[in-house]
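Two complexes are shown next, each including chain A; its partner changes from chain B in the first to chain C in the second.
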Partner chain A sequence: MMRTIKRISQFFILNVRLTFDTLFTYKAATILTFCTNIFIVLIYLFLWKGIYGEQTIVNGYTLKELLLFIILLRVLRRSYPFHISKTYGQLIKNGSIATWLLKPIPIELRLLSQAIGQTIYQFCFSGLPMLLLVPLFANIPNFTFVSAALFLLWYISAFIFLYIFEIIIGVISYYTTSLWGVGNFKSALIAFFTGELLPLSFYPVALLGFLEVLPFSAVYYLPISILLSKVVENAWIIFSILWLSIILLLGVYLSISQKMIKRISVQGG
Partner chain B sequence: MNKIINIENLSKTYKVRERNDAFLLKRFFQKKKYREVRALKDVTVNIESGEFVGLIGNNGAGKSTLIKLMTGILYRTQGKIEIMGRDPFKHRKKNNQEIGVVFGQRTQLNWDLSTMDSLHLLKAIYDIDDTVFKSNIELFTDIFGMQKTIKQPVRTLSLGQKMQCELMAAFLHNPKLVFLDEPTVGLDMFSKEAIAKFLIEMKEKQKTTLILTTHDLEEISKVCDRAIVLHDGNILFEENIQTLLSIHNQQKRVVFTTENESVDPIELNKDFTVTYQPFKIIYNKVKKAEVHELIAEVTNHCYVKDVSIEGSNFTDIIKEYLRGKR
Partner chain C sequence: MIKKLWKPFKRKLKLYRQYFKMNLDELEVYDKDFIFGVVSMFISYAAGILSLFFIFDFVHEINGWTLKQILFMYGLNLIGYSLWSCFFINTISLPYYIRRGEFDRFLLRPIEPIFQIMMDGFDEDSWGELIIGLAVFTYAWIQLEISVWYVFLIPIIALSSCFIYAGTSIVLSTVSFFTVSQADVANFTFEIRELAQYPITIYPKIFQIIFTFIFPVAFVAFFPSAALFDKIPIWLIALVPIVAFGYYKLSKLIWNIGVKHYCGTGT
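Moving on, here comes the complex of A and B:
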């Protein structure tokens, strides 16, 4: 048992490092990713500046608070494993899944280590540069140790939730082969329910009531609010909903994944 | 010897979607039609530990499907399959600890990193002991002469070098059983020779059991002990390669090069098949014992400049079997 844990942790750490190294191989792409993300966040910032115009407070947010919220949201967006369903889908589509299934390491663990490696890379070359924009557009917030620790707890929980959500979408590829349609639907769903494009407090009240029983507000809205020490009503209820969803999704994944693998047909030779 | 592979009445059926010729929107609302393809039909195979077996067959004969069923990637439709005493699909992870696989058209190496990085990852995956890892790397790089190239990114290697690295990856953890699915596709003769040499060394040093599929039949005859010929999802026959060669080499091909461009037909009253070409007379299916008599008869009849006696090679023998099935 101890030997298996040691073997898996050694593999895990090494694969995180190698994923980072693989992405870092393409230095020009790294620099361009860096620039692209700065441009995207600048577009959002100028858009919100335009929307505010002469107003000082909209929906309880001052302009500087909202700009800080937007920057942190974009940093978080780059730090979640949103690409995993696509990676999984491509492995199934081009048949490379065969070489992955032939290794005595669960495919989910391999994808998780890859997701963490990519997250570290994205944080270093996309997240950190975006954070450098904070002093230019917003006030540097006063973090407390408690708010930072709570933020980390929320972030890790949301990461696990999204990871399981992503591998469920990925495993559907065994059925559909192509993930193009499912992937687009997933992206739209996530963007809408998590408040990726518009903070949730800007949504109609009726919709907000519905969103309170879903775990999606735990992806951006709650972790950022907690980091900024804002009071959020029912935060721990949503936290419970989040973990309940994680357990539920894990159950769904475990029950469908073996059945889906039976559908595999690796094309050509 | 103990059985490492035990397959009884194994069948695999795929569902293949049929093309729908209906026009755009109509096609969208129509139900998809599927056709069943039986890739393997009641296949029974036993392979002993330490054997090197060649799987032979035309494209679509079912070789790769059989390998994928043995490695637990595909799920059987019917029959029984046991690899090292276990169901390969149910115990895929456990079996894979002792299995090595190379699919000629897919890679298990990270193209952006060096082969050495991928090998280190495999060391962690298979929990390979430090001393075994070092000695295997030393042995493999010596055989292939790849001490330097092993440290450069995989995408910068030639096709032959890449395949040699794939083989290193497959044998790194001293597996009991190795599957090689068309490992020499597109390789030059030197790379093929290096791979054959490597496999023969592995047979002696690691006592591995090997299942090899390739279209290069001479390669199978060099490396393998036994050949299993598949045709249209069935086993056409299985035979020891040396036995097969000795049976078929009872019959020879005798070629006479003549002084004159054409000669009068020679009456021999034998079962040979004869072909007359400019400056050549070719006799096929000549029994070993009758070669002397044939040479005497022909040299009496016309002026012969040269005679060559050829045995059937492995490719000819298999071609003959498969041709009969077309």
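Moving on, here comes the complex of A and C:
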């Protein structure tokens, strides 16, 4: 038993490194990704500056607070495993799923190690550079040790939630055999419910009430608010909703994945 | 003269029909996925448009533009973009072809590689984008009570926008001849669409210069709308098709330089 765990964890760490190194091999691409990401954040920042215009406070946020929020949101967006459903879908589309299933490491673990490797890469070369924009556009927040620790707890929980969500979406492609549409469907839903386009506090009250019973506000809105030591009502209720959904999603995944694998049909690309 | 020009065009048209049929067949294979795709597209645009309404709950105008005017720009931008995404979207897949070594295959055939790349995948759902664009545009038009004569300009502006986007995506994907990898430079075209739907004057000078002279997306929606709302002289609209045609030609020249630099990945 111990030996198996040791071997799996060895493989796990190795695969995380391998994913990182593979991505890092393309140096020019890394530089370009770096630049494009900075550019994209800049577009959003200037857009919000334009929206504020002469006003100093909109919806309880000063311009600098909101810009800080936008930057952190973009950094977090790069630090979640949003690409895993696509990876899973491609495995099915091009048939390499067959060899993956034959290997002694469960496919979920292997994908998780990839997700972590890719996340570290993206955080280093897309997330960190964005953080450099903070002093230019906003005030550097003074966060406490407690808020940072809480933030980490929320981040890891949201990461697990999104990872399971992603592999469920990936499994659906056993059924549709292509993941372009399903993937877009997922992105559209997540972007709207998590407040990726617009901070959640800008949504109408009626919609917010609906979103409060869903775990999506735990993806960006709550972790950032907590990091900035903002008082958030009902945070712990959402946190329990988040973990409840993790357990629920895990149940769904376990029950459908075995059935879906049996229906596997490889298109040949 | 006309005959000389017509012949290659006719040949391309014939090929286009064949490719179109082939792509349609592929679509039939992945029909369930296609339905998901179309639904999700409507959701994401609805979310985008709703966000605009939500923002305008808190502010009255963005940089002197009202909600209706912004919607007008949004629609106009989306019409041009959807045309681009229907015919030219595959130009952004160049890095993918290069990495997989498939680009060599295109080079061996007796048609321009760029044409083959364009034809290798269509985006059938962009007709949905066109419908959304037209709907938003028409709504804003009626609300703003714009005169009818502008309707004749729309096809010209939309086509020009399509070619401006095409030029931009071709220039951006040319970069991958030099970088040979998964740099998401070409994906940048998507982000540029976001940028183009707001008045360009909200960005700093350097951005304004880049998006007027280097990637002229300011001509897609901003200049035509601004001219209509009397923010800039109306004759500037005439520049739009000229810029589009010129930029598209230039982008192909740049692409050809890129092709000369191409060396396979050995995949």
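Assume the second predicted complex is superposed on the first by the 265 of 269 C-alpha atoms of A that agree within 3 Å, B and C clash if a C-alpha of one lies under 4 Å from a C-alpha of the other, contacts with A are read in each partner's own complex, and residues count from 1 in each chain.
Here, a contact is a pair of C-beta atoms (placed from the backbone, for glycine too) under 8 Å apart; a residue touches a chain by one contact, two chains touch by 3 or more.
The model shown is predicted, which means the values in this text are computed figures rather than measured ones.
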{"item": "Partner chain(s) touched by A:Ala188 [first = chain B, second = chain C, both, neither]", "value": "second"}
{"item": "More chain A residues in contact - chain B or chain C", "value": "C"}
{"item": "Contacts of A:Gln55 with chain B and chain C, given as first, second, both or neither", "value": "second"}
{"item": "Which superposed partner A:Thr22 touches (first chain B, second chain C, both, neither)", "value": "first"}
{"item": "Which superposed partner A:Lys262 touches (first chain B, second chain C, both, neither)", "value": "first"}
{"item": "Contacts of A:Ile5 with chain B and chain C, given as first, second, both or neither", "value": "neither"}
{"item": "Common interface positions of chain A, toward chain B and toward chain C", "value": "26"}
{"item": "Touch list for chain A against partner chain C, complex", "value": "26, 28-29, 32-33, 36, 39-40, 42-43, 46-47, 49-53, 55, 58-59, 173, 175-182, 184-189, 191-192, 197-198, 202-204, 267"}
{"item": "Residues on chain C engaged by chain A in the complex (per definition of touch)", "value": "29-30, 32-41, 43-44, 47-48, 51, 54-55, 57-59, 61-63, 175, 178-185, 187-188, 191, 194-195, 198-199, 202-204, 207"}
{"item": "Contacting residues of chain B [partner chain A, same complex]", "value": "14, 59, 64, 68, 71-75, 89, 92-94, 96-97, 99, 101, 103-108, 110, 112-113, 117, 120-121, 124-127, 153, 181-182"}
{"item": "Chain A to chain B touching residues, read off their complex", "value": "3, 6-7, 10-11, 14-15, 18, 21-22, 25-26, 95-96, 98-99, 101-106, 261-262, 264-266, 268-269"}
